[in-house]
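Step one of this worksheet: look at the structure below.
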Amino acid sequence: MSNFDALIQDLVIANRILAKEEVVDAYGHVSVRHPENSNRFLIARSLAPELVAPEDIVELDLDGQPVREEGRSLYLERFIHAAIYGTRPDIMAVVHAHAEDTLPFGIAQGTKLRPVIHSGSFIGTEVPVWDIADNFGDTNLLVTNMAQASDLAKCLGGNSVALMRGHGFASAARSLIEVVRLSIYLPRNARALMRARQLGGEIKCLSPGEIEARNRGYSPYSVETWRAWEYWANKAGCSHLLTRPDDGRAHPPRG
Amino acid sequence: MSNFDALIQDLVIANRILAKEEVVDAYGHVSVRHPENSNRFLIARSLAPELVAPEDIVELDLDGQPVREEGRSLYLERFIHAAIYGTRPDIMAVVHAHAEDTLPFGIAQGTKLRPVIHSGSFIGTEVPVWDIADNFGDTNLLVTNMAQASDLAKCLGGNSVALMRGHGFASAARSLIEVVRLSIYLPRNARALMRARQLGGEIKCLSPGEIEARNRGYSPYSVETWRAWEYWANKAGCSHLLTRPDDGRAHPPRG
Amino acid sequence: MSNFDALIQDLVIANRILAKEEVVDAYGHVSVRHPENSNRFLIARSLAPELVAPEDIVELDLDGQPVREEGRSLYLERFIHAAIYGTRPDIMAVVHAHAEDTLPFGIAQGTKLRPVIHSGSFIGTEVPVWDIADNFGDTNLLVTNMAQASDLAKCLGGNSVALMRGHGFASAARSLIEVVRLSIYLPRNARALMRARQLGGEIKCLSPGEIEARNRGYSPYSVETWRAWEYWANKAGCSHLLTRPDDGRAHPPRG
Amino acid sequence: MSNFDALIQDLVIANRILAKEEVVDAYGHVSVRHPENSNRFLIARSLAPELVAPEDIVELDLDGQPVREEGRSLYLERFIHAAIYGTRPDIMAVVHAHAEDTLPFGIAQGTKLRPVIHSGSFIGTEVPVWDIADNFGDTNLLVTNMAQASDLAKCLGGNSVALMRGHGFASAARSLIEVVRLSIYLPRNARALMRARQLGGEIKCLSPGEIEARNRGYSPYSVETWRAWEYWANKAGCSHLLTRPDDGRAHPPRG
């Protein structure tokens, strides 16, 4: 299997994992930057992530337009991905989703979302909240053009996650597996923080030094990373799509 | 398949989806107005929604009485549907259910249920709470006649959802898929609001302009709508009941 | 099938339903009074309810002792059932369980468990909390003899449910299906009340008149009752054990 | 089957149970002391516990190093187990995990984790919270060497559980089944306490005398213990791995 085909397969796995872990439902999407053309990215056609197969992957440019003539419907909010790839050359993979337990932090003004558990460290020291109403007034809250998407990308800045008020979040990372991992642990970290607040007293967040130490030590090609990827793929019923190298050891997820 | 048969099949799918999404359990029901006779509606006989098949659908009039001689038991609370269809010509589909996370808002007086997430916008700017005790005193809380049902319909007024104190809710929409969607996102919106309150500080609800913008832009015949319908049907194990037109594109749910 | 054999089968169904609905796990038990000898009751040998089959049912007397020589292990806490049958001739079925969401109400002193939803009405106007420490000091909290069980039965009095501090609850009803229903809706009612409290403001409980109206109108032999029984049995994977009479209509659960 | 092979099989069952009960996910691990050499312990190679099979079990010494040449990757945090076995001769089995509902108690300073339900008694009167930052400053929060592990073991002292701030917990017991049971009921007890706090008023924890009475009366070889082990194994889909003695009665889990 070519590297490109394997990446497509990884993107399918990412779709299925995010569905199984309830990060996405009928809505929400994950993309990966094209490995050979940094001005393009790969994402499913308009389809529930759980149902995505390799033939559903389309190639879009940084304006969110399909590279090839495309008769099939596309995600309305594909511009989110385009704008983030356009402004962040370091980013190789993007998720947009509505994971339920992230929503309260975009609605209530009283508690900032911060990493409080080690697996949540990848959300970073700062999680900005983007409110589409600030610059676009009364909308249907969907990000349906490049102007809105660029505004969101600007709010995201150099961070890993931006919450979207009353809607969900956008997350961005250096690889497909990292963005999946980040998006799974984001709601878990949110729940831990919500419940810690209910217990009362001071909350100990991860320190900037701890966040940095974790980030520095993290590799998408490590055995520990593969362990989670394999586990989630197995739970999502698509472990048969995992590609392993000939030596029988963990194969790094691509992209 | 005739349009009528396809609508019956859609109603079966709606039953199964609502069961799978835990909007209904052994109790709760969904109906659709008869497409050719606006004084009648279609609903299952007394049966847990999860178990409903096409042959379980019966036709009732706007007094909640069966149009044909019917030996089988009917839902005790079918009058809820009759009264809403009778007073709201714009309504094509109705759900009554006890979804757990909607209940607290009908019990506690401290927080009004309002849309706080974009998928919850369809509950509208106002969600009245109906208390059967106000006009009927001590009852078993069930809506078992037209007088009670008409009182509930009056409380619902021109809104999309009325909470029923200590009991559940009634929701109404322009199509079957819309009432299913509304009823699924209602508890989700309720949870987001409950948790946002726990985080403290000001709560940002959707603005009236945002609610209106979403309502205006929504079509039960869009690709996005079909995406959710297909996703839910698949989860509920009844994707084989989905009817697709010959052109291979998304087929609008009927009703 | 004889009525007795059908009752045994219903007791097996009850075990499986309570397991599936997470009222019991490895621990917890359900019993039914012997239909022909009111001084005896039927209950499984020491086994997780999910795994109970007809041959696991044993017959005990009102001291909690087996009527026939019994080589198999019995539930340590079978005395709970014996004491309730002994003091309450109106009771035909008993459950003891640790359902998670009932526990906080036995631990915290700040909120009394009261019915707030119509399906929770059967817990009654008063839910006493029994603390084994009051009369027995430091124990392992298990009810392992008749003295402790009688003390619990005395606390239960004429009510339907007694919470057991730091342990669980005992519930009692006029029939097997009623005690199952009561035990399923008890934690649901508890959750609704917990969440209503978080929303703030006054809480509207069911009025004594509403509780009475529901109790008066309830029949274990109604179509509505069968609907739930059939639904739960189906979910628990044991609908094949349901017994239906020849006329094809709902058969009342026995006991 | 030899006792040693049966113990390996029990360790596999323990892995699967902890995964099914959501105590571990891709991460977290369980070990058992070697029955014939108290300076060694048995644990899986680096693999999600759900996927562990007998051939994945490796033998490590009390420095966390493999006894035999080992080409396969090992858990980064295996030192936690080594340090606890090294300092606590009474301990035969150890779990390290991130069970979600234990996390808030390691983050918030306002409420101490204490046993409030009888099944939670085994966490003991005192649950210390270890913060890796106290002695090691800014780290990635993982326990990846003996110095860190020994510091954790020192904090654990003679207790059964230590919470690890922003990370998870380590639990230790006299047998494999006890450490599994402890680790399953730990988050359950945490939830009961969290919710009890929300109900307000005084919280009744288990008294020291009750904790002691339960501990005294508990045997890993009892029928009640086997009942839970069999139930969990069945839920986890590995009841076929259970080993029963010839007499057909419950066989005590080993180790």
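So that you can tell them apart, the chains are marked A, B, C and D in the order they are listed, and the count of residues begins at 1 in each.
In this section, contacts are C-beta pairs under 8 Å (C-beta built on N, C-alpha and C of every residue); 3 or more make two chains touch, one makes a residue touch a chain.
Only a predicted model underlies this, so the values are computations on that prediction, with no experimental measurement involved.
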item: Common touching chains of chain D and chain B; value: A, C
item: Copy pair chain A, chain B: interface residue numbering same or different (half cut); value: different
item: Angle of rotation relating chain A to chain C [CA atoms, steps of 5 degrees]; value: 180
item: Chain whose mean Cα position lies farthest from chain B; value: D
item: Whole-Å gap separating chain A and chain C, where each centre is the average of the chain's CA atoms; value: 46
item: Chain B and chain C: spacing of chain centres that average the CA atoms, whole Å; value: 32
item: Sequence positions of chain A contacting 2 or more other chains; value: 197-198
item: Contact pairs between chains, per stated definition; value: A-B, A-D, B-C, C-D
item: Chain C - residues contacting chain B, complex; value: 116-119, 121, 188, 191-193, 195-204, 206-207, 209-210, 212-214, 217, 223-224, 227-228, 230-232, 234-235, 250
item: List of chain B residues in touch with chain C within their complex; value: 25-27, 46-48, 50-51, 73, 76, 98, 100-101, 103-105, 107-111, 131, 133, 137-142, 165-167, 194, 197-198
